[in-house]
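Letters A, B and C mark the chains in the order given here, with residues in each chain numbered from 1 onward.
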Amino acid sequence: MRTVPETNQLSVLDDVRRALGRRATLLPVPLDPFVESPLEIDSNTLIERFIQEATAVRAQVYRLPGELRLVETIVEVCSRQNDDVAMSGAIVFGETDLPEALAARGLSTFVGNDTEHHQLVARLANCGVGLTAVDYAIAETGTIVLGSDEPNALLVSLLPPVHIALVRAGQMIATMDEAIKRIGSEQIGSANPARSVTLITGPSRTSDVELVLSIGVHGPKELHVIVIE
Amino acid sequence: MPNPDLTQRSHDALENSVLQGALKAATDTFIERRREAITSVADWEALRQRARQVKEHTINHLDYYLEQLVATVEAHGGRVFWAHTGQDACRYIVDVAQARGIKSVVKSKSMATEEIELNDALEAAGVRPVETDLGEYIIQLAHEKPSHIIVPAIHKTRAQISDLFEEKLRAGRPNEVAEITAMARKRLRNEFLSAPMGITGANFAVAETGTIVLVENEGNIRLSTQVPKIHVAVVGIEKLIPRFEDLSVFLRLLPRSGTGQKQTAYVSFLNGPRQTKAEAGFEFHLVLMDNGRTRILADEQMRESLYCIRCGACLNVCPVYQKIGGQAYGWIYPGPIGAVISPQLQSLKQSGDLPFASSLCGACRDACPVAINLPDMLLALRAKAKESGVDRKPAEHAAMRGFAFIARHPGLFTWSGRLMRAFARLMAKGGMIKSGPMPPLSDWTDYRDLPAPRGPSFRERWKKEDGK
Amino acid sequence: MRVSLFITCLVDQMFPDVGEAMVVTLRRLGVTVGFNDAQTCCGQVAFNTGYRPEARSMAEHFIKVFESDPADFIVAPSGSCTAMVRNFYGELFQGPDERFWRDRLARVQPRLREFSEFIVNELGVEDVGASFAHRVTYHDACHLLRELGVSEEPRRLIRAVRNINLLEMEAPDTCCGFGGTFSVKYGEISNAIMQEKLARIVNSGAEYVIANDSSCLMQLAGGLSRAGSPVKTMHLAELLAQQ
């Protein structure tokens, strides 16, 4: 708490207390938690549900039985863009021969872990594809969850017009409710809280003109999700 | 901001056939999408009641949760400014911009910033605000006010928007929706990449974790908060919720109620300024704003108006909004919630007519994801308008007093009833009164006939046939 | 079963046929019907227009009229008037020193029923022996639907009428636009809302629109007449009295 009181802090908090009919802040009895029965779903159904929901919001989803064709799938999507590919700092990309495979198609990769912010932004704005891992995926809504623990993931998933996200089957969570609770306990409430966490559900969109859906506004126009079992 | 004649503005809206078409299409679509989206929740009613319970708890302990929020935001390295009024908020933000030599800012859609006319304050100080939400960008170009909480430019047709872009942007005429969107994306991308500061509102502020929650579809909020190094969030004090896990309920209610989506494209959980070891200059400013909210808080009957999560669902189902649109309400907040909070955030004098422009049908209460008893709020405001003398109508009051007097004296009631019916029969043609000589009867007959009573009143018939 | 009529000022003075029809049907169902002619008006218009003191004085009169009435139920041909007493009278007697009036209100409030919910839920009857060989549509009056939660009961009663053809209109639960003094204070908006409703009624193909609230019916009848439409309005009570 601030030790030096500012005039307008006293003013607003005082007004709040006065409005509530008291002079000192009252400690509330916390609300009981809202318990909902968790969905018991097997892994296969989870993935199918995720694919169904993500496809419904215009993401393109690929289901791979292992890492065998991972590089090939990514390269295929990237080669349609013809601009540099940006990779977030996720370790998984360092473990593949992805940069070489892309170079063979004339595409250079960029990992900007230590780049200064404005330079990073400018560089990413010229990339054709952004490639990230994810922290979780939510089957109920076809959502992927990115935290800023993965270096530059949030900007890499935002600035280029195409975003490719890598999901491992074990990261799948059934419902939004479970996901929020896990993000809260594992990422935001924990000892080292992530600075930002973003839920991504499909490519960017708007219905501001006559409520007609238009895909691809300020965020990426395309979202590709690769699910690896 | 003054609130001139609602009747005139409604009239203009009703005469505007383009607006009428746009409103009907939009509200019909929203109603259908919401209805569909609700089916994907097992127990919608349970979620609503829980959401209301959380908001009620938070608002009743707002002092505690505000203190907790401030502590956690500051612990993360964010700065908190308490804005007593809208002017305080504007002055603080202008100071932050000017002190850093900032000449342009990117803004996301925020009702709170519209409420305090932040754009005017920034422009007056030589700072150029760029609205980045497509709907807000459209109305900024058109120099208009938003007409809907979720889709601010819904009153405009595609053709009108094409005209607007052609005239203002001078880069050709975008005809299809995709072309309009592409033109806006291209224009605004440069702004995102060059603006040193991004200004947003917040959908929720989590006290326990100091998290600002922002819900969107376009990606302009992500860009406004991730690209510029400085992020300013203007947050009404009522936006708080206690714990991160409480978001589970609200993030299921808001998208479905607002746009009929299971989830919007992006939800950002922001926890203070980004901190990288090497680089300085990242700042997060939280402007916590009162601007009349403590006035609502102090009134126990009206306190639930603060539960609103600004989803816009009440607008879409309101028969009045469906006909007159958002701009006719005269300020920032339209529809039933606008009719409830405008007279409180402004004053009864400025917007005290809004609560009377309702048929009290209650569809808003049914649609509200936080189960706010909006019709009760409207009734309470009507009573306040009369009791305070703000909505003084001497003739109307005299008539009510007179009728109440008659109603306490059954004999008198029977006699005046006879008189009334005799007059009515004189004016009737073929069982209908077609034209009344003066208000309020003429106000009725301007638009419809009035069935004339036939024969004696019920009480007279009963007396005759059943005795007693 | 003894019922005391809460006739409502509107039915009493403007639509007395509705009151008569109510009595006919209730008697046919074996109910003893009483009418206390000291009653006048429940005060809804004053309350809705913001004049709570005036509404309160009418509420006090209402309570005085009915508190010692021995009837099992107090039945009204109006959802909005029933809601006024059941849902809103409490607000008029809220202060800490209002215990006296709240006790008296408690003798009246729980016995209030709207006509259709009384027949279906208290008498357990759906077929009242009526017959009406016409196409009808049903309008869900707002207060009946949302304040009292009544929407199935009227429909069951209508469907049980011999030879009737009930055609649901599109969105029957949308407002007719009356709203009390709103209808004259903001007549142009009220009319615009009404026009939408009239279009739905006409599109249903019905010859009659049925509702349980005379205020809605007054609005709709006036609108249909002005439009020169052959569609007629009818209160549910009048329908149930048809043989």
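As a working rule, a contact is a pair of C-beta atoms (placed from the backbone, for glycine too) under 8 Å apart; a residue touches a chain by one contact, two chains touch by 3 or more.
None of the values given here were measured: they were computed from a predicted structure.
Q: Work through the pairs of chains, note which ones touch, and then classify the graph as line, ring, star, complete or other.
A: Its topology is that of a line.
Q: By C-alpha centroids, what is the most central chain here?
A: Centroid comparison flags B as closest.
Q: Can you compute the centre-to-centre distance for chain B and chain C, using the mean CA position of each chain? Integer Å is fine.
A: Using C-alpha averages as centres, the distance is 32 Å.
Q: Mind checking the centre-to-centre distance between chain A and chain C? Centres are C-alpha means, answer in whole Å.
A: So the centroids are 54 Å from each other.
Q: So, what's the distance in Å between the C-alpha centres of chain B and chain A?
A: 30
Q: List the residues on chain A that touch chain B in their complex, please.
A: Going by the criterion above, the answer is residues 1-2, 6, 8-9, 11-13, 15-20, 22, 25-28, 30-31, 33-34, 53, 57, 114, 116-117, 121-122, 125, 140-143, 148, 154-155, 158-159, 176-177, 180-181, 183-184, 188-189, 193-212, 214, 216-220.
Q: Contact residues on chain B for chain A in the complex?
A: 22, 25-26, 29-30, 50, 53-54, 57, 60-67, 70-71, 74, 76, 81-84, 88, 132-135, 138, 151-154, 156-158, 161, 177-178, 180-182, 184-185, 188-189, 192-193, 208-209, 211, 217-220, 222-223, 226-227, 229, 237, 242-249, 251-252, 259, 262-276, 278-279, 281-282, 288, 290, 294-295, 297-298
Q: For the complex, give me every residue of chain B touching chain C.
A: 6-7, 10-11, 14, 319-320, 322-324, 356-363, 365-366, 379, 382-387, 391, 396-397, 400-401, 403-404, 406-408, 410, 413-414, 417, 420-421, 432, 439-440, 443-444, 446-451, 453-459, 461-463, 466, 468
Q: Which of the residues in chain C end up touching chain B in this complex?
A: 7, 9, 11-17, 19-20, 35, 37-41, 43, 45-52, 54-55, 57-58, 61, 88, 142-143, 145-147, 173-175, 177-194, 196, 218-219, 221-223, 225-226
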